[in-house]
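In what follows, structures are represented as structure tokens.
In the two assemblies presented below, subunit A is common to both, partnered first by subunit B and then by subunit C.
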Partner chain A sequence: MDLKNNFLKKTGFNWGLPLVIFLLIAFLPLYGSSYNVTLFIYFLLYMTLAVAWTIFSGATGYISLATAAFYGLGIYAAALFGESMPFIFVIFIGGAASFVLAFLVGALTLRLKGIFFAMFTFGLVLLMKEVLYWWELTIESVRGYFVVSYSNNAIFYYLLGLLLVTIIVAYAMSKSKYGLALKSIGENEEAADHIGVNVTLVKITTFAISATFMGAAGVIMASKLTYIDPVIAFNPMMSFSPALMATFGGMGNLYGPVIGAVIFTYLQEILTTGTLKSYYMLIFGSILVVTIMYLPRGILGLFQQLWNRFRRVKSAPTSRG
Partner chain B sequence: MEELLNIILGGLLIGGIYSLISMGMSLQYGVAKVLNIAHGEFLMFGAFITFAMQQAGINPLLTIIVVGPTMFIAGFILYRTVFTTIRVRSPNPGVFEGNGLLAAFGLYFVVQNIAVLIWGSTPYSYRYLTTSWDVGGADIFANRLVAALFAIAIGVLFYLFLKSTRSGKAIRASAQDAPTAGLMGVNINFVLSLCFGFGAAMAGIAGSLFSLCYAINTTMGLQQTLLAIVIVTLGGLGSIPGSFIGGFILGIIGTAVSYWQPGLVVASYYVIFVILLLVRPKGLMGK
Partner chain C sequence: MHLLQGDKVTVNFGGLVAVSEVDFYTDTGEILGLIGPNGAGKTTLFNLISAAIKPRSGSITFKGKNITGMKPYQVCRMGMSRTFQTVKVFGNMSVLDNVRLASLFGNPQKPSESEATREASELLEFIGLSKDAYLSASELTLANQKRLEMARALAAKPELLLLDELMAGLNQTEVSDAMEDIRQVRDRGVTIIMIEHVMKAIMSICDRIIVLNYGKKIAEGTPEEIVKSKTVIEVYLGE
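So, the complex of A and B:
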């Protein structure tokens, strides 16, 4: 989407508007109700996860279904180290643990065809859940842990900080030589290999970086739970939601996953009570299918298309934006 | 010794159902190029159709006659509408694989939650052919034996269909190189839809047979999909005979592990997965 006629640039989305929105959100705890702060915690959480997911999967086209595994690992880091260490260290530990796990998974699967990666990440969360459950029950004879809890305002600001770091890293990566290498992998991996990109290393590192933010998010959100066990920590939905949000929003640009996250978090908020939960998931799935069918570049791609038509731009965007 | 016999017999019996699930997935990925994350949901739906008909007084084995074609038609229509649209709009096969996966993912939610809305999320079971025989100290349950024999028969029939009919030849040609097969006069959209339909039918029938032996619930699909993924990798991506044999191997391993540590079955699948990826990613019979 680095076109001259990018509608985001022309409509002030480039720097001004994000800054205003950011400031409005940053002071929310001062003027918003506690309900709004809680709602925004989920907005911030899903934005972070969706942006982090896009760092790797958006650029390369490799679909990662392991977000929940890294997020859950972060939750467990909070449970194990939360009492003995300052919170900020625990966040680093959760991020580092996820980085290591992602690096291992990447080293195992990313040197092979892309499909193995999707296959392997698909069951990772089930594996972690089962092994931890077994470990707690037979080796440690405990069931679950308590987590140090923090106030909603504290969680809010930690998440806001994490989101900011995630977006800055994602932006810096996409503008660097490294991001260019990543993009070339997404366009044509074989060609990228031939022009001298160390394809496997770039993929593994990027996957690990994106997982770091997911782990850190898990640590922060754990303090909202007070009690955790493997079933609570490793919820497959956490893998699926970011993928859907990013796809729906559009992955050509960082605004895509953010917009997708806002829309779906809000939908979830109004629809996930009682029996409506099943309807929410049903809608969720249907929207994903329709988006993939008709808007493979997300609503952002749709807006760009409409903008082009409105401005009568002649040049068509290239295949992947 | 008795335990070993129990494990091997038990593994072979459940292996028949595993083979059927995996052959379906192998067909869908090998030919239609969709890694169907929703595969286990078709199995679950088949199981529930059988359950509903059994409750109405119909012999559960007869329900296969309904489940198979219903699932086939559902799979066929899905591929013809959803996946063909995605395939045509994707600039290259790699993009189709990624987008197809995401769409399958959406289907997973749709199918599972339709089932939850109809049947809730409590487990159901019924009793059918619960007699058992003692073979050298190991128990063989009649329902598991019947399920395994049906699964094997369907697997073998399908293999013969692939090897000896004209449509089977078209499927094999499309598996090797879909665009070229299209140039040779194969109606490619039809054949790919056919494969997806057959895959869905196999999953559905596997579900019917599964419900003969075990309790079913609407959230059981995910684990079955994972199982099928490991077996398909074990047998070799896209290899039908590989998936058939892989089903029995994983059946035995799974049964053995659940004798020793029932909490580590998924972990044992992953151990196999990791070893395969490290040593032989193309699987036992892959090319």
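So, the complex of A and C:
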């Protein structure tokens, strides 16, 4: 009995369910409506961004609001190289460019702590938007670019592939010794430094890896936009949304950001298309405040807590007071 | 050549000279005590030795190499590790992971994951925390968190171990246990510098003692010499 339970726990529960869900999603374009494919494009996009954000910010506790900067850089990579190269190369270029930018920015800013780091990373988004805007207007005398379009199904599968890679990398990192080092940095940076962790290098590299996936996601989504300019590419909401989704879902494991992304993407879809259009930002903000104040470990942490309490009551009603 | 040597080490925070032209050394195998009133600069000196802060002037050499300007993680990988005055364990990580991490990153021999796990388990056994290996570090008592910090520091395979008030806040039994631990660590070939206010402990286990006051070294010698020193009695020990 115990053996069977363990077996279920080890194989069925941990891998079976995600696999079934993954297969259901993977074949969606074959049986779903085109509306559903479009909706799932956004599910996949935000899951990727939320998981990528968690790779760095979840473990270290450094709140990065630079997501939109890397995402926007990916969009611009698509606009500049999309016509001359195969799409998959462009995705790599967008990812690599974001990696390099994040590495440089990280080297400059990761000595900042708390709110200062968050502010600087958000400043990066605005800086890139303004600089590109100025560049296009005064140097190139153009406004925006056209981007090569791809079908929704193609975008869907590229995103699905990217999400898969992002999750695998995030999972492998969290299980490796570098995952352990990242966690120790989040707990106590000084102590981590004194027991041999090259704190700066670990932080910067992880920040850059996390940015790579954001850049790649930008490349893929650009082909849905056809026309882009700095205002479209560097949308501040792309910084806030993934951070909120991951925080709301909980960052203890990778289910958290995935669940958070699904809930908020769906919420966004209902609220911005229905009659409640103008309330979206209000609800979005309220949930953010409540999450930060009352759910430090996210919705998943809340469920875990309730589940533990339930199990404890069930299995040992008298042993604990 | 001394294992660790400091020459005219000085550092100031704004106008306050926290450590002023202090010379010190320690030799392999000894236990060196560092005592003095609160604010004398003891922890600052530890921060200088472990490269957490840079001296304004003077130099510190460890194993014959100048370590001024190095980073803490580099000094750690050279074979020096420390504990903290206020415990800094990784509270949400397991006790085992706390120690494993130090073995993986601090030990210059770069052990594999399985070697690190084995070494961490051995250290927990040695320090008496085996049964708590899978608890979160924050669930331990203060005394055990201090033990954990020592195990974590030892996992980096140090030649020199800095213990910052390991016994502060511990009761009589725990102090005796900690003294026993320190002796055993020394018997493993680790040189120790310890900051301590518990005089009984300092006097019975240290081979040599340095006394700091207002950032200056005011006395240095064996425990017998220190308890007899007029200056030390005046500023610190009392009549």
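Everything below uses one rule, namely that the second predicted complex is superposed on the first by the 287 of 321 C-alpha atoms of A that agree within 3 Å, B and C clash if a C-alpha of one lies under 4 Å from a C-alpha of the other, contacts with A are read in each partner's own complex, and residues count from 1 in each chain.
Please note the rule applied: a contact is a pair of C-beta atoms (placed from the backbone, for glycine too) under 8 Å apart; a residue touches a chain by one contact, two chains touch by 3 or more.
In this text, all values refer to a predicted model and were calculated from it rather than measured experimentally.
Participant: Given the touch rule stated above, what does A:E190 touch, subunit B (first), subunit C (second), both, or neither?
Facilitator: second
Participant: Tell me which partner A:K177 touches in the superposition: subunit B (first), subunit C (second), both or neither.
Facilitator: second
Participant: Figure out whether A:V131 sits in contact with subunit B (first) or subunit C (second), or with both, or with neither.
Facilitator: First partner only.
Participant: Which touches a greater number of subunit A residues, subunit B or subunit C?
Facilitator: Counting residues of subunit A touched by each partner, the higher count goes to B.
Participant: Quick check for you: in the superposed arrangement, does A:L45 touch first (subunit B), second (subunit C), both or neither?
Facilitator: neither
Participant: I'd like to know which partner A:N198 touches here: subunit B for first, subunit C for second, both or neither.
Facilitator: second
Participant: Which positions of subunit A sit in both the subunit B and the subunit C interface?
Facilitator: none
Participant: Which of the residues in subunit B end up touching subunit A in this complex?
Facilitator: These residues of subunit B touch subunit A: 29, 35, 37, 82, 85-86, 89-91, 94-95, 97-99, 101-103, 105-110, 112-114, 116-117, 222-223, 225-226, 229-230, 233, 237, 261, 263-267, 269-270, 273-274, 277-278, 281.
Participant: Across the complex, what residues on subunit A touch subunit C?
Facilitator: Residues in contact with subunit C: 177, 180-181, 183-184, 187-188, 190-199.
Participant: Under the stated contact criterion, what part of subunit C meets subunit A in this complex?
Facilitator: 50, 52, 71-73, 76-77, 81-82, 84, 88-93, 97, 100-102, 104-107, 113, 116, 152-153, 155-156
Participant: Under the stated contact criterion, what part of subunit A meets subunit B in this complex?
Facilitator: 61-63, 65, 108-109, 112-116, 118-120, 122-123, 126-127, 130-131, 133-134, 137-138, 189, 236, 240, 243-244, 247, 275, 278-279, 281-282, 284-289, 292-294, 296, 319-320
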